[in-house]
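By letter and in written order, the chains are A, B, C, D and E; residue numbering begins at 1 in each of them.
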Amino acid sequence: MINYNPKEWFTFIFRLHKADTVRKLTPMFIALAAYAALVAYLELHVFKLSDNSHLKNISLMHGLLGFVISLLLVFRTNTAYDRWWEGRRQWGTLVNISRSLAIKLQAILPEGHPARHYFRTMIPNFAFSLKQHLRNQYHPGELELDTPHEFTQEKHVPNQVAAQMMRKVQELYKEGLLNGDHLIIINEEMRSFTDVCGACERIKNSPIPFSYSVFLKKFIFFYVMTLPLGYVFSVGYIIVPMIVFIFYVLASLELIAEEIEDPFGTDANDLPTDTICNNIRLHVQQVL
Amino acid sequence: MINYNPKEWFTFIFRLHKADTVRKLTPMFIALAAYAALVAYLELHVFKLSDNSHLKNISLMHGLLGFVISLLLVFRTNTAYDRWWEGRRQWGTLVNISRSLAIKLQAILPEGHPARHYFRTMIPNFAFSLKQHLRNQYHPGELELDTPHEFTQEKHVPNQVAAQMMRKVQELYKEGLLNGDHLIIINEEMRSFTDVCGACERIKNSPIPFSYSVFLKKFIFFYVMTLPLGYVFSVGYIIVPMIVFIFYVLASLELIAEEIEDPFGTDANDLPTDTICNNIRLHVQQVL
Amino acid sequence: MINYNPKEWFTFIFRLHKADTVRKLTPMFIALAAYAALVAYLELHVFKLSDNSHLKNISLMHGLLGFVISLLLVFRTNTAYDRWWEGRRQWGTLVNISRSLAIKLQAILPEGHPARHYFRTMIPNFAFSLKQHLRNQYHPGELELDTPHEFTQEKHVPNQVAAQMMRKVQELYKEGLLNGDHLIIINEEMRSFTDVCGACERIKNSPIPFSYSVFLKKFIFFYVMTLPLGYVFSVGYIIVPMIVFIFYVLASLELIAEEIEDPFGTDANDLPTDTICNNIRLHVQQVL
Amino acid sequence: MINYNPKEWFTFIFRLHKADTVRKLTPMFIALAAYAALVAYLELHVFKLSDNSHLKNISLMHGLLGFVISLLLVFRTNTAYDRWWEGRRQWGTLVNISRSLAIKLQAILPEGHPARHYFRTMIPNFAFSLKQHLRNQYHPGELELDTPHEFTQEKHVPNQVAAQMMRKVQELYKEGLLNGDHLIIINEEMRSFTDVCGACERIKNSPIPFSYSVFLKKFIFFYVMTLPLGYVFSVGYIIVPMIVFIFYVLASLELIAEEIEDPFGTDANDLPTDTICNNIRLHVQQVL
Amino acid sequence: MINYNPKEWFTFIFRLHKADTVRKLTPMFIALAAYAALVAYLELHVFKLSDNSHLKNISLMHGLLGFVISLLLVFRTNTAYDRWWEGRRQWGTLVNISRSLAIKLQAILPEGHPARHYFRTMIPNFAFSLKQHLRNQYHPGELELDTPHEFTQEKHVPNQVAAQMMRKVQELYKEGLLNGDHLIIINEEMRSFTDVCGACERIKNSPIPFSYSVFLKKFIFFYVMTLPLGYVFSVGYIIVPMIVFIFYVLASLELIAEEIEDPFGTDANDLPTDTICNNIRLHVQQVL
């Protein structure tokens, strides 16, 4: 995620950022401009269609369907944003339960007990392993492990971390360091590790239904391709920049939606999971 | 569910997928094209209505109602998508509680105890039986059962599985292998099996209210059928492709909404419940 | 609720269903048609207003306000649908807690104990009494009671059922059949009976705020009544079917919203509470 | 809240209700009508601007901004309605927890014990004190108190009631009438009293952000004031009723939103908190 | 937050408030006015483009994209408002748990016990430290501390406060003043302190995705800059006030969204966290 000051308006407008959709769409812009120029040339100079041509009024259709395409793009934007924001909330929950578990354990476990050290390293390890898991990676180096082969990449790593912590809790319970009341009050936090992991996997693995994705792309494509047919009569060669701008607006919304829909990668708009992981480690170590 | 890379734009636009609404609507396209051509022929060549005919201005109505139809289709899209997404979240919850219960039980139950084996098979069995139940099927072969007739198809199968697991938990509690604190900390997971099942049944059995469904279809039908009456004067025979495209857009939205509204089947857009079931079995077996 | 196959498009379009708004609005259609014909006759033949009359341009206002009326109707549709869907979710919760309580009790209570019989009848009784309560009825015959006068219609019946079940639970607790851990794990289910009841009463007793209801009706009325004034110049007597269709669309949305807003009755669009009650009885009897 | 039958359409349209925005806006209607007539007189008769005047086309701007103003008013309507509905849900929760606590206590406390009488009066007292608190009032007469000065108006009354109930619960716990399991199962209800109170205070004290309120009013004002400048050329003196109707629609939405945003007063659209309080007392007395 | 009476319409319209976007946008207004005047001068007097110029019809594009820009601004407004309102709800939760914990502790802890004094000061201290933390400040003077250096600014202060309270609770538990049942019933409140803190940090640190922010600014900029090109033919020099008004509307929505998106500062629209903190201290002191 790019950290930016949302109030610096005008630097935004003229700089081309890495994540800017202008960059990605440039080849399309050129193709579309050529296509529009060709249509204008054919209609105005080759076929010399008069202003009364029926083709001119095809733009009535573009007016009618303008609502539908706008509303669909907003639907697309909303669903993509909701996933992004739900991903953010899940990582916020991970921060909360990591801190909360650390705060509870520091109060329950005696100062200097090895179990404190254990949770001081393992709670952040869960966050790091989840981050890697969502990127289909496993880097044991980022985790603080006693032995580098404590977890195997073949199995689901965050589950292994959660299962090991759960076993540790049961051990402490059997040793009497945690009693039944303690077990009950840390249950919510212990459960939530798995919940956060499952929710993030769900967001990652469920893009918008296939049919909507196909339909929206087909719709944008035919809408933009038929635009010059009627508008050429009204605007002449001005159709060239006009169609590029209209396509820029419509396609950008679809492109941004596609990018933020899976927010756990390393794209410019993705969630700052690296920073969040480091903060979890920092805060857990401060507390525990 | 079709797994697709949402970024491959242009392969989408020209290929006809199985789930593509173009396929299903083709007969309608032909009928509508014939109807529009007939209207154009009658108005322009038989009755030779002049450009000043009052019929031309009927398109004012289509402008006015264009908002309403667009907004209604978006309402339809939103409610259908919400069901699809809620179905996805319920199956996500099933993944979470299956894992979470497995993680808790592996920590509580001693290594090698037969109850571990029991839950290793029964937790995934619940997921498989729910998947089948939502498709009105029962295939005991997919479940891992000690005896093939453990559950009877006549009764609600997922309820039988949940009830048997609950009895097992109470047995272990009476044997002292689980104590009261354990009972309380696994209660949430045990309850959620039934909740997920009920929520999925609710989504499956409650399509959008009948009146909206009827109203929307009537509205689209009369809207599209009256369109050529006025537009023929402006666009001549171009009305034929134009009306097909407009109908394609409006009807596709309704069709896709109908398909994703019940997301538990085996349609192209349905949820990947088979994959989820297999993942639950895999992860539970890794952990327990 | 009418069970329908949402995919049978075209039977919908031409059949008149019981719930169809066309039926209810027919008198209004006739009145409006007469009114529009009168306006057309007066403007075109009596006053012979010319095409340049200022009255013609009153339709500018209808364009401007077209957005507002569309968006308001969608707001109305959304809020009504949300109540319907929340009602559905509450009854889904009732199904879940009924099953879940039955599943827990069959595991805890010994086979053949009279308390099992008690809950086997009382859990479904709650659902039936709630269904009747939401329709302002009380039919003890539908409940399975030991004595027909166990509950009195004068007091809130679902509360009496819930209170009696709670007393039974406390009795079993005092007898030692349920211990403290059991009490805690069935607490959530016991509470939820009252929550579902309260939520359904809330939906039933809170239609959309009075001012919105009045405002929307006034708005639709004046919008439709002033429509012919300007449109007559453009469309002549075609205004008659046109205004009927526009009114059909706008008024249908308001009518459907009014109907589904209170989803607990026996209207065509109401929730299938009878079926749900029977399913609860069936499933509880299968389990317990 | 006015109890009304939402299906009696046409009585609504012509009667002027107390809450009707027509009433409140009448002075504005007159002022606007005079203003529009003056503009029409000046443009048509004093300056005799021709139909080709550039001023005529200022209405292009009104078309462009028509979307924005409509969407903003719907945003305003949605947020105001959400507060109203959240307020309603909070009071629904208060009903639920009052009943649920009464149902639990009647099962736990022995028949005839003075604590039953205590909660029979104090649970409804909380509802009444909250209702008064949200109207910045305190009428001990409405509460059932042993001594009229049990609570002091200087301190937060609902907090005092909740605190006293909590002390009573702890007393009963120390006396052994409630044991630890009971304490845990009534904990949720005891907590929720404070939650409902806090949520209602939040809704009451947080109107929509100041900037939106100012912006929307400025926008409506300038939009309506500039409307006649261009439209006079098209509609002549018909601008007078037209502008009144447009202003009626736009301003009504803002006015209704302002009224329902704080739903705890005694306005026509406010929540029926008096009735709810009485129902809580009735139902608690029936049960306990 | 400015406390205002939302019903005083017309004072709003003409006064310039500190938070008013008119103030911030004035330099832009002047620049845009000059730009529009220049365009009008060039097109009308220098190049003397005729009314049939193709440039005139560029405004067709502005009509088409008018929907998209309106819907995007509403999307922006909704997401910003949702953050503001979620921030408000989190602080409402903080009020609730502070009161609820105080109410529980006053019932459990004996009158005059030093732990009562401890929580009477520390519960409000959490609120004050969170308020400061969200503004990147630390003023120990605002907190009621035994020693000014009890907490260090280097570490996360709200976490330190929460951790110290949790240690106090465990101490009281070991001393037997709180028993296991007590521990369980105050667990929810203890956890929620950390949850509220995490949620507020999440809102503060996650503005809307970068790409949307850039895209929306670029879109508004090009939309407004190209507006005069076509409209000059229709409205002449009236384009100057017209473009200022259109820009005022579009840019205000973006500006307000930017301001309320981070609601924890001291801007005019920010949440009244100072008042809330003082209320928490007042109410906790009244109760405990």
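By definition in this document, a residue touches a chain if its C-beta (ideal position, glycine included) is under 8 Å from a C-beta of that chain, and two chains touch if they have at least 3 such contacts.
What you are looking at is a predicted structure, and each value in this text was computed from that prediction instead of being measured.
Asks: Given that chain C and chain D are copies and touch, would you call their interface same or different according to whether over half of its residue numbers are shared?
Replies: Counting shared over all numbers used gives less than one half: different.
Asks: Which rotation angle, from 0 to 180°, best lines up the CA atoms of chain A with chain C, given as a multiple of 5?
Replies: When the C-alpha atoms are superposed, chain A turns by 145 degrees onto chain C.
Asks: Per the centroid of Cα atoms for each chain, what is the distance between chain A and chain B, given in Å?
Replies: So the centroids are 23 Å from each other.
Asks: Any idea how many Å lie between the Cα centroids of chain A and chain D?
Replies: Each chain's C-alpha centroid was found; their separation is 37 Å.
Asks: Which chain B residues sit where two or more other chains touch them?
Replies: Within chain B, residues 63, 67, 71, 74, 180, 184 contact more than one other chain.
Asks: What pattern do the touching chains form: line, ring, star, complete or other?
Replies: The chain contacts form a single closed ring, each chain touching exactly two others.
Asks: Quick one: ring order starting at chain A, direction chain E?
Replies: Chains encountered around the ring, chain A first and chain E next: A, E, D, C, B.
Asks: Which residues of chain B touch chain C in the complex?
Replies: Touch residues, chain B against chain C: 54-55, 57-58, 60-61, 63-65, 67-68, 71-72, 74-75, 79, 155-156, 159-160, 162-163, 166-167, 169-170, 173, 180, 183-184, 187, 191, 194-195, 197-199, 201-202, 205-215, 217-219, 221-222, 226, 258, 261.
Asks: Which residues of chain C touch chain B in their complex?
Replies: Result: residues 1-2, 4, 6-7, 9, 12-13, 17, 19-21, 59, 62-63, 66-67, 70-71, 73-74, 77-78, 81, 84-85, 88-89, 92-93, 95-96, 99-100, 103-104, 106-108, 179-182, 184-185, 188-189, 231, 234-238, 242, 245-246, 249-250, 252-253, 256, 259-260, 268-269, 271-272, 283, 286-287 of chain C touch chain B.
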